[in-house]
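Presented sequentially are two complexes of subunit A, the first with subunit B as partner and the second with subunit C.
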Partner chain A sequence: MTAKGQGRTAFAYLAPALLVLGGLLAYPIYQLVLISLYDYGQEQVSGGAPLEFLGLGNYQNLLGNQQFWGVLGQTVAFAAVCVVGTLLVGAFLAILATRVRTWVRMTLFLAALGAWSTPAVAGSTIWLFLFDANFGFVNEVLGIQGFSWTFDKWTAFGLVAAQVIWCSFPFVMVTLFAGIKAIPGEVLEAAALDGASAFRTAWSVTLPLLKPIILVVTIQSIIWDFKVFTQIYVMTNGGGIAGRNLVLNVYAYQQAFAASEYGLGAAIGVVMTVLLLGITMFYLRALRRSGEVL
Partner chain B sequence: MRLKALVAVLGVGAVVACAPVQSGPTSSGTDEQTGQLRVWLFDEVNRGPKEAVVKEAISEFQGKHSGVTVDVQYIQVSSRAERFKAAFSDPKSAPDVAEFGNTDLAGYVSAGGFSELDLSKWDESKDLVPTILDTAKVDGKTYGVPWFVGVRALYYRTDVFTELGLKPPTTLDEIAPLAREIRQRKPELIGISAGGKYLFAALPFIWAQGGEIAKSDGGKFTAAIDSAESRAGVAKYTELIKDDICPPATCAGNGGDASVEAFRAGKAAMTIGGDFNRKSVDASSAAGKYGVVPLPGKTKGSVAPAFAGGNLLGVMKGTQRKTLANEFTQLLASKKYQQKMYAAMGNLPTFTDVQKQVAESDKFLEPFTKTLQSGTKFVPVTPAWAKIEAQTVVPTMLQEIVTGAKNVDTATADAAKTMNAAFTS
Partner chain C sequence: MKRWLTEGLVLIIAAVVAFPLFWMVLSAFKPEDEIISADPVPWTTRPTLDSFTRALTVANFGRYFMNSIIVALIVVALSILISFLAATALTRFRFRSRTTLLIMLLVVQMVPVEALTVPLFFLMRSVGDSVPVFGLNHLGSLVLVHLAFSLPFAIWMLRGFVAAVPVELEEAATLDGASRFRFLWQVLFPLVAPGLVATSVLSFIHAWNDFLFAKTFIISAVENQTLPLALQVFVKPDQNDWGAIMAGSTLMTIPVLIFFVLVQRRLVSGLAGAVKG
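The block that comes next holds the complex of A and B.
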């Protein structure tokens, strides 16, 4: 078979996957980019007004807006805190789970699964009840009735971050636990025979073997936490006092979709997609440079 | 090779759809006299009495028109925006007649959703309160019939006022000092429960000072929230959300419901509440120990202009039964059925004479009808207002002031800038 023929066969095999990807990914993204180039509001959707092609107008509008940059910075910082927090808590509990007795582990897993399976809206609302200024359990225990957690910008962000970590650490924990369990006993035994300390084993044997899994959970967490909507929307009542707890997704909803400015909303969506792709690519390249086979 | 294929696929896509989708013009030429008339009304917490009145109207209507059935669907207020947007985009799923909030009117009309109504042949229409009928108009054309109105007035705790030997305020300027004194003498109470998101409580303060949200010049709006008068009103209102009256940590995030809730819980000496809040206050710890007066204006004896909220009934543009839809709208919005709706739900009627009648039979309504008759005002009638509301421009402005993030001048100037951007887009 010629090289060209081989390529053709390969393409034929890939075609179904390409079709599915095209339908589920390329077409929506194409529509998103297209809409972001128009002045596309409710009037235009329902045919009450003619379409107006703006070119990059929506982007200019967005990138020239000071509030957008403020919200973007806030979103990045908030996501970073949530990602680091989720990974630390998840990893710590995964290691703990490998060291404790079965019934403790079962309890830990059941509790984690409970947190994981709680719908975001319900979870956020329950946390709000717990931290209610006057009737909340937390304030009762701490003896600070009347203290509002959601009023101050930083306590509000802290509370939401804690909730996000609470509902996303189980994924990290379960995945890492599975990863640790999958490390062959012989490897660890060999390390022990060579006289490696527990720390040395963890650092030089376990961690490198877990790297692909850590990679996956980190990228997942970044993408999830960058796109947080429900928790901020519910817990800070749509972005906090005077909008000081806005993150990008809630901002996009409020400025664009609730206001029927679908063109602008699509532009925000495109910017978010590009940003997330960029972060992921950067992360993958950094890993490849460090010698990881991907 | 793969790249070429990809380019080809994208190329085909670009030819197939080179612009975002639009649905066609929604007006249909037909006017059928029989068949099913579809009606959307808002669901209520306690829908039974409303449903009973509507059923009565339907059987009267069906009795007059043989071969006509009326199908009512109750939709949620909270998801109305999505429902109506969907109805405008797909006329086939749209109703013929719908109830909707008067603040949504301008946006719905510009989306091409509702058709213009001709009320000239309807005798009762001349008794509609003019300022209320204005809330159903865009650019001088009428698109709905006011079905009921809601206005707000000042609720106060009679027991607290008697204990402290105080009298309800008679001018707007008296409210802050009075509320401060109450909180000083009874620190467990909020002087007046005002909210940083409570737009309809803030507006009367602005209007009473002669301020406006925006001014219209032949249909072209410009923000006026940064005028000297408006700023005076904004300052007067935000003064209430301070630690010595209504602490920002509790009040800055509150909208109307939460503000009234503090009063219901017995934690506030005053609040601004609507006639529609009566039932819930009567079922609370404040029951039997509260009174209501009109929110006072700038001078003694005057009333601060209130926001005329309320719902309209309108005929959808895509209807295939225009005549029937018009007739049903006029029947359900008639004096007879407004009276029945008042008895069932406590909804304030929109006819001058019916208002007087119900106020005479129920003393509680007096401060509200007095407020209505001394002149109400409304938010700017432009589709841009829906956008300004969705972007929470005014609440953000109030919250920036009460948290000290910006002073009155800067916050109002910034809000005016955002509003003008919405008006001109």
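The block that comes next holds the complex of A and C.
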């Protein structure tokens, strides 16, 4: 086939995908930026009031807003706790999984598969029920009936973080386990023959070999945990009392759809997108270093 | 550490990890007085289907279940077709903008779709003016957005599978007189089936679990709500019907769980294939 013919057939095959992605991803991204430059409120949406171009007004508004900085800080801290927790639990269990018999490992993996596959809304409500002030099993066991986990800001964040770690560590565990298993036995034998201790082998042989995988799961976790929405929304009832459990995603949603400040909501969305695309650049480089060919 | 100690520890951890799910199923079968008892116990002597009956009749969960199934299945079917064609184009043909397209595909995966609720809300509103089925308050709007969100990853992942099929096979098929169309659907399609399974599972789960877009798009049409939204309706600040909530959660989790367990081996090999790509 000629080069031109190849190109034409290729685009015929690609057409449906390009149509969907262009219309429902690329165009909305453009619109997101556009809306963030306007004063877009309830009067403009339903009343047909004229749009007022603000330029960077919404962004100025955000940057001068104390609540925004608070929410941004909370989002970063919350994501950091979730990422570190997920990686520690996942890595610890992946290592343990290599040292037990198959049936024990399968039991662990089956339990993890259950946590992994639980829909976020269902998972959040189950955890809420388990930690319910009066009817929850956890308070019964701890003997603190009546204690509300979701009332205090920090216990509420802690509870949500625990739920997020519960449903996201399985991915890390399974991936790292597969990575450890993929290390050729000869390499480890050679290390043992050279007289390396178990710790030395783990530190100087296994860890460097796993580095690409660790990098990928870390960045993947950062991306996921940075944009947690459902758990926060369901477990803290839309961002907590007076919005003290807000993260960026929920904040944007509340500004747009609860306060009808669509322009401001869009601006928060842009900020979030830019932050995540920054992380993505690292991701791309990490992928390339681990040998993925574009 | 002794092996039996490690194994004991692993089994305890497995029990802790599985406990929330156990508690969900248990509570779904408990009679109401045991659920709102001040001393909950991890067993029940009087299992009952009352909570399921309440969830299905009072809250109309059956209807929402069907809505969720419809959205997820249409998304999966369309995403298989579209991503298969696109992945084939991106691996089997050389054309100028190929690398650019691949990089864009990777980048759009990282765009937080949650940030797009505002523009997508207005887009669906205007789409609904001309084609109501795809507009706000209709399941079509959810199908559209989840299709768009699942495509980049599906295409990205299928690439590896299509690339793994030797080019000689296509040449042989062409020599045997098979048309391009027949080769595509009767030779290539079955060969990349494992990859399609893996991507379908992920697309299904994404569409099935979605809470944000269902909440944003389905504003007033109660009959078009999906499961996550319906479940949320149950949760009231003070007077929670925990039995029905747990029954609803169970109904919502079981399809995904079955799906996951059935395909877990293929899922892992599928993901591995995508990484090897």
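Here is the rule we use: the second predicted complex is superposed on the first by the 243 of 294 C-alpha atoms of A that agree within 3 Å, B and C clash if a C-alpha of one lies under 4 Å from a C-alpha of the other, contacts with A are read in each partner's own complex, and residues count from 1 in each chain.
The rule is short, and it goes like this: contacts are C-beta pairs under 8 Å (C-beta built on N, C-alpha and C of every residue); 3 or more make two chains touch, one makes a residue touch a chain.
Everything numeric in this text was worked out from a predicted model, so none of it was measured.
Undergrad: Applying the document's definition of touch, where does A:Ile223 land relative to subunit B and subunit C: first, second, both, or neither?
TA: So A:Ile223 only meets subunit C here.
Undergrad: Figure out whether A:Gly238 sits in contact with subunit B (first) or subunit C (second), or with both, or with neither.
TA: first
Undergrad: One more residue to check, A:Ala17. First (subunit B), second (subunit C), both or neither?
TA: Touch status of A:Ala17: second partner only.
Undergrad: Once the structures are superposed on A, label A:Leu96 by its partner contacts, choosing first (subunit B), second (subunit C), both or neither.
TA: Once the two structures are laid over each other on A, A:Leu96 reaches subunit C alone.
Undergrad: Kindly classify A:Gln31 by the partners it touches after superposition: subunit B alone (first), subunit C alone (second), both, or neither?
TA: It touches subunit B and subunit C both.
Undergrad: So, does A:Ile144 touch the first partner subunit B, the second partner subunit C, both, or neither?
TA: neither
Undergrad: Answer with first, second, both or neither: which of subunit B and subunit C does A:Ala112 touch in the superposed model?
TA: second
Undergrad: Given the touch rule stated above, what does A:Gly7 touch, subunit B (first), subunit C (second), both, or neither?
TA: both
Undergrad: Taking the superposition as given, does A:Leu277 touch the first partner, subunit B, the second, subunit C, both, or neither?
TA: second
Undergrad: Residues of subunit A touched by subunit B versus by subunit C: which partner has the larger set?
TA: Of subunit B and subunit C, the partner in contact with more residues of subunit A is C.
Undergrad: Identify the overlap between the subunit B-contacting and the subunit C-contacting residues of subunit A.
TA: The overlap between the subunit B and subunit C interfaces on subunit A comprises residues 7, 11, 26-27, 31, 35, 237.
Undergrad: Where on subunit A is subunit C touching in the complex?
TA: Answer in residue numbers: 3, 6-7, 9-11, 13-14, 16-17, 20-21, 23-29, 31-32, 35, 93, 96-97, 99-101, 104-105, 107-108, 110-123, 125-130, 132, 134-137, 140, 145, 166, 174, 178, 223, 226-227, 229-230, 233-234, 237, 249, 252-253, 256-257, 262, 265-266, 268-270, 272-273, 276-277, 279-280, 283-284, 292-294.
Undergrad: Can you list the residues on subunit A that touch subunit B in the complex?
TA: Interface residues on the subunit A side: 7-8, 11, 22, 26-27, 30-31, 34-35, 38-40, 42-49, 51, 133, 147-148, 150-151, 237-239, 241-244, 254-255, 258-261.
Undergrad: Applying the document's contact rule, which stretches of subunit B touch subunit A when the two form their complex?
TA: That would be residues 1-2, 5, 9-10, 13, 17, 19-26, 81, 85, 88-89, 107, 110-113, 196, 248-250, 252-253, 383, 386-387, 390-392, 396, 399-400, 403, 405, 425 of subunit B.
Undergrad: Would you tell me which residues of subunit C are touching subunit A in their complex?
TA: Result: residues 1, 3, 6-7, 9-11, 13-15, 17-18, 20-21, 23-24, 27, 35-40, 42, 81-83, 85-86, 88-90, 92-96, 98-99, 101-103, 106-108, 110-112, 114-123, 144-145, 147-149, 151-152, 155, 180, 205, 208-209, 211-212, 216, 227-228, 231-232, 235, 237, 240, 242, 245-246, 248-249, 252-253, 256-257, 259-261, 264, 268, 272, 275, 277 of subunit C touch subunit A.
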